[in-house]
Amino acid sequence: MKVIMDLCVVPLGVGVSVSKYVVACHEVLDKAGLKTQLHAYGTNIEGEWDEVMAAVKACHTKIHEMGAPRITTTLKMGTRIDRDQSMLDKVESVVRQQAEGT
Amino acid sequence: MKVIMDLCVVPLGVGVSVSKYVVACHEVLDKAGLKTQLHAYGTNIEGEWDEVMAAVKACHTKIHEMGAPRITTTLKMGTRIDRDQSMLDKVESVVRQQAEGT
Amino acid sequence: MKVIMDLCVVPLGVGVSVSKYVVACHEVLDKAGLKTQLHAYGTNIEGEWDEVMAAVKACHTKIHEMGAPRITTTLKMGTRIDRDQSMLDKVESVVRQQAEGT
Amino acid sequence: MKVIMDLCVVPLGVGVSVSKYVVACHEVLDKAGLKTQLHAYGTNIEGEWDEVMAAVKACHTKIHEMGAPRITTTLKMGTRIDRDQSMLDKVESVVRQQAEGT
């Protein structure tokens, strides 16, 4: 089962700046060979369910190892069985309709 | 690694009423032996990371089998390594302070 | 327009314990006269859109005043125009089907 | 109070394809003069709290007018009082550290 995910990992108890933890999390996702796209409030990820979920767990483990005592993560996850769809498809579907509408 | 989760599974393409899918998802969670608490906008779950995640995947699989072509799920997930904490602890911590404040 | 919301306010830069901010947020919601239900990963709120949103803003303002330099909030918000539905209706709809299924 | 938001609006009861509603929502956000960035699982928005929230309400109203009987929206919202930060700042902070790390 393929999943498209939006991942936002928030370490607590480490002050206000969390970008170094986001960087570490991206390293984990890259090592896992997952397709990712960073945005201003999280990271989109595309891949097989088990691989994506293993990477999310590895992010939590890594961030705890870096010293964060507590993490709260917000995820959105989409699966569909009617057709195959990539992150790019989702964005293009909107952009194409926007272009047609003008 | 223990996780406290808030799970909200939304099947698309099956009309406006989604409660039967929530019911099916709870059956999956119960069979997995997980501690759960239903609320008006999701379900709190407490357990070991791998068991909770396996149950979330089983929910997606089950809901697709019931005929939902597409699912979008919103999750919050908390882990901490500084101390053990249950769902009940979290609620009681707030309620106790509310009582002391009066 | 009526809304049912799930609100989870996370102050950053104030250490790992966030319950006193949750308590303060509940005081704000109570003063606003909103119907609320605390759970282990947030608070359900029911009310008119503008009143609920004003209260969410008041929670951010209050928590910043208490000293939190940064806040990240996760919200789920449901509106519907086909029929009226309360938080209690949503829970009861699931519980009733669970009872019928046994 | 400035807010950086991640908005994901999901209409229910209109089938599996929701892109035309996303397009309509972007028109609402553009008319409101807000800075936005579409991604594969939502839209980042930056602006003054009241203007952003008014636009989110206008999205719900518009999507209901288009015929969606029910909407469930997931939001992430960040505010901070320690310093000014844009969506671009957030992304650049991560990208810069990634470049330095290589």
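As written, the chains take the letters A, B, C and D, and residue 1 is the first residue of each chain.
Just so it is clear, a contact is a pair of C-beta atoms (placed from the backbone, for glycine too) under 8 Å apart; a residue touches a chain by one contact, two chains touch by 3 or more.
Nothing here was measured: the structure is a model prediction, and the numbers come from that model.
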item	value
Interface residue overlap between copies chain C and chain D, same or different (over half shared)	same
Chain B and chain C, separation of their C-alpha mean positions in angstrom	16
Geometric centre distance via CA averages, chain D-chain C, whole Å	19
Separation of mean Cα positions, chain C and chain A [Å, integer]	25
Multi-partner residues of chain B (at least 2 other chains)	13, 16, 69-70, 72, 74, 76, 78, 80, 82
Chain contact graph, described as a line, ring, star, complete graph or other shape	complete
Residue ranges of chain B in contact with chain C within the complex	4-6, 8, 16, 19-20, 22-23, 26-27, 37-42, 44, 46, 74, 76, 78, 80, 82, 87-88, 90-91, 93-95, 97-98, 101
Interface residues, chain D side, partner chain B - complex	10, 12-13, 15-16, 18, 69-70, 72, 74
Chain B-touching residues of chain A, taken from the complex the two chains share	1, 13, 49-50, 53, 57, 60-61, 64, 69-82
